[in-house]
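Note sheet for the following structure.
Every chain is named by a letter (A, B, C and D) in the order it is written, and numbering of its residues begins at 1.
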Amino acid sequence: MDSQQFLESKPVVIAITSLILFSVLSFSIETLPDLSKDTLNFFHYAEIAVVSVFSLEYLFRLYAAEKRWWFVFSFYGIVDLLAILPFYMSTGLDLRTLRLLRILRLARLLKLVRYGAAIKRFVLALTIAKEELIIYFIATLVMLYLTSVGIYYFEHAVQPEKYRSIFDCLWWAVSTLTTVGYGDIYPITTGGRLFTFGILILGLGLIAVPTGIISSALSEALRRSTDHIDD
Amino acid sequence: MDSQQFLESKPVVIAITSLILFSVLSFSIETLPDLSKDTLNFFHYAEIAVVSVFSLEYLFRLYAAEKRWWFVFSFYGIVDLLAILPFYMSTGLDLRTLRLLRILRLARLLKLVRYGAAIKRFVLALTIAKEELIIYFIATLVMLYLTSVGIYYFEHAVQPEKYRSIFDCLWWAVSTLTTVGYGDIYPITTGGRLFTFGILILGLGLIAVPTGIISSALSEALRRSTDHIDD
Amino acid sequence: MDSQQFLESKPVVIAITSLILFSVLSFSIETLPDLSKDTLNFFHYAEIAVVSVFSLEYLFRLYAAEKRWWFVFSFYGIVDLLAILPFYMSTGLDLRTLRLLRILRLARLLKLVRYGAAIKRFVLALTIAKEELIIYFIATLVMLYLTSVGIYYFEHAVQPEKYRSIFDCLWWAVSTLTTVGYGDIYPITTGGRLFTFGILILGLGLIAVPTGIISSALSEALRRSTDHIDD
Amino acid sequence: MDSQQFLESKPVVIAITSLILFSVLSFSIETLPDLSKDTLNFFHYAEIAVVSVFSLEYLFRLYAAEKRWWFVFSFYGIVDLLAILPFYMSTGLDLRTLRLLRILRLARLLKLVRYGAAIKRFVLALTIAKEELIIYFIATLVMLYLTSVGIYYFEHAVQPEKYRSIFDCLWWAVSTLTTVGYGDIYPITTGGRLFTFGILILGLGLIAVPTGIISSALSEALRRSTDHIDD
């Protein structure tokens, strides 16, 4: 068994993934208020242990790589480095900055992506649907903006403290057209409600169109990959 | 008519299904506050009657089965047993525990699944889409987590009592990205709103992708089963 | 031009449709509080005029029909009759009952359905997807019920006035799984939130599955009707 | 390089698009309350600069067009003119009217549409699905109206200040069936909740159907355009 096979063997993958998940969980728990000093200490030492294992893993991957410089600047090489670098860099900086840099540790989650197979069909579907998705994206932004301007003229006069500017209206437009509807801001005038009525009927398309695009692209990708197998 | 045919005849299926539905409904009504003693008594005797019928049915199914041990440990054998066991087991325990065990009675609902045909196409579609669905599931969890961390840095300082920790942020992320939007927790800072804006535009994909996966898989399953008929 | 052609000519269709829409609109306006006596009078006479036209239309349709008894008991025959009958029946009854019967007038909207063509493809798609939709419908009801029972055990103890019984929990389950999320009732315990988290991730499927079913069935219906044209 | 090529060259397209976006952004910022006089002055002069460039562009496009009158009355010709006309027209009118006319400036966003390619497939898909979408649109309006009438009879008596008339009920029906659910208005009676329950189960179809239509039409459009390439 060579070194590459060792890194991709089941026990190693499970161990690394577990460490990543533990690291993410401990990061979350540390944000809880009123933690005891013992708990914080435990997480401090656990952090040192995790970073040590990841550092050894990084060096081993670097040693095992055929083209070493290529690995260092590859996507996973950079992600692996970013997962451990904040820890070493934090020594000279104050604790607050450390906390902000620590967010990069989450990039470790991206490593999970390495272990997957059917992503190719996703990528093919995205390639097929790329142009449609970009047009859709621009059309959505335009629609959101026009909706914001529309509601501004209907609601600004009646609710000046809620619909203060186009930017507040944009917040309303996003939370409405995505059908989240927090309820912190909603129209009360008859005109504003009729406007929202029309926009929402159209807005159903906002959800329907990307689904249709992705669905038809996935169908096409599935068909092509199945045809490939048949040959 | 042999015993298996008898169990799958229309009147028997309807009678059993009705009893299951009655049992579920009575379970629901018993949770209503301020029920009269007479009502509770009625449900108590109804419960005895239902369990008696189900017990007889279980014994008959056991007697009718070709391989008896196989039936006992089959999916439906276990479900059938779980539907009556809590009643007999509750005698020696206190009433509170009985109430908690009674939840298993709902497993009877699963028996309804026995009577269906086009489930095969669903299963075929799920088999086709399995890998995509798993990748999507993991990607969703990662996205939810990253969203939680993001909103934590934007909103924690301003709304410390609502966005207390990553776990509260996760609750917000779930209720926002699934577009439920209860309105109990929402961003108020400009940064947090812009972040939510971006996340929601992406989040439309959260709904679009599984729909696309299931839709294309069902199309493929339909095509395959139709081709099968043509041959 | 025979009588059937006359009834399906453009001016007649537009006139009848306009009268239906006017009738529906006037019904809506009459629910507004604080209407003046003049307005109510106007709508009273308008009502008499509309019913007169519809009565004449009904008699003409009856006269023009090839098989008269068949028309009377056909779908549109009954709808046409129901659109005028409440007016004549109301004379002997009190006004409150009249108001409740008037709701049948809305059945006139169904007449609009008569004028459409591509409904056939919808019907074909529904025929293809019928079994899947029924299974999905039952599965949804079961899932909603199990979700209600689950949240009852998590939230009843903490919020007894909101999650009073399984029925209140069912209301929560419906408004949550359909992603409406009014915000009148939501979980506050950690267990209840984790439960909701899991249910919502599954619940995305609640929206994805029918879309997938309808989408694949419509594709199939479109394919079949196109093949039909090619032959 | 002729004049048409010049107008469609990358630097020109980017410059014009940037000016449009700047113009839209400045329009938004001007709606912010409490802006300093300097800021307003800056936007005033920026507005003059933007309109000057757009005016020159319009004249150049007019000069470059093969058929000049055709350009003036073409879609883009009118949009281009509407983007600059409000500025020149505002001199004689009061400032309030100017502000309302300025909304037409947003039509510049439509110019962005000029630069796109895969829109053809969208248009083909819309052509395929046109009839289905119209039927769906009418069916949705009918369903929304019937839902409004239904909830009126359930909730009007209990919440007369929220469900005042059919029009208020229509607002509720729209915000509920599109699953926005602001939470400003929701049923509290058992009947109203059961009614909403049934409507929402059906209402999932409200989202599922257009997605299915668009999805199957896009699949068909993709298939046709691919077949075209194969030939």
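Methods note: a residue touches a chain if its C-beta (ideal position, glycine included) is under 8 Å from a C-beta of that chain, and two chains touch if they have at least 3 such contacts.
Values in this document were obtained by computation on a predicted structure and should not be read as measured data.
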Contact-graph separation of chain A and chain D, given in steps at minimum: 1
Chain C against chain A, contact positions shared by both copies (same if over half, else different): same
Per Cα centroids, the chain farthest from chain D: B
C-alpha-based rotation, chain B on chain C, 0 to 180 degrees, nearest 5: 90
Distance from chain B to chain A - Cα centre to Cα centre, in angstrom: 28
Cα-centroid distance, chain A relative to chain C, in whole angstrom: 39
Touching two or more other chains - residues of chain D: 167, 170, 179-183, 207, 211-213, 215-217, 219
Residue numbers on chain D that touch chain A, as the complex places them: 24, 27-29, 31-33, 100, 103, 106, 109-110, 112, 116-119, 121-122, 125, 137, 140, 167, 170-171, 174-175, 178-184, 206-207, 210-211, 213-219, 222-223, 226
Residues of chain C touching chain A in the complex: 179, 181-183, 211-212, 215, 219
Complex contact set, residues of chain D against chain C: 128, 131-132, 135, 138, 142, 145-146, 148-149, 152-153, 156, 164-167, 170, 176, 179-183, 186, 190, 193, 196-197, 200-201, 203-205, 207-209, 211-213, 215-217, 219-220
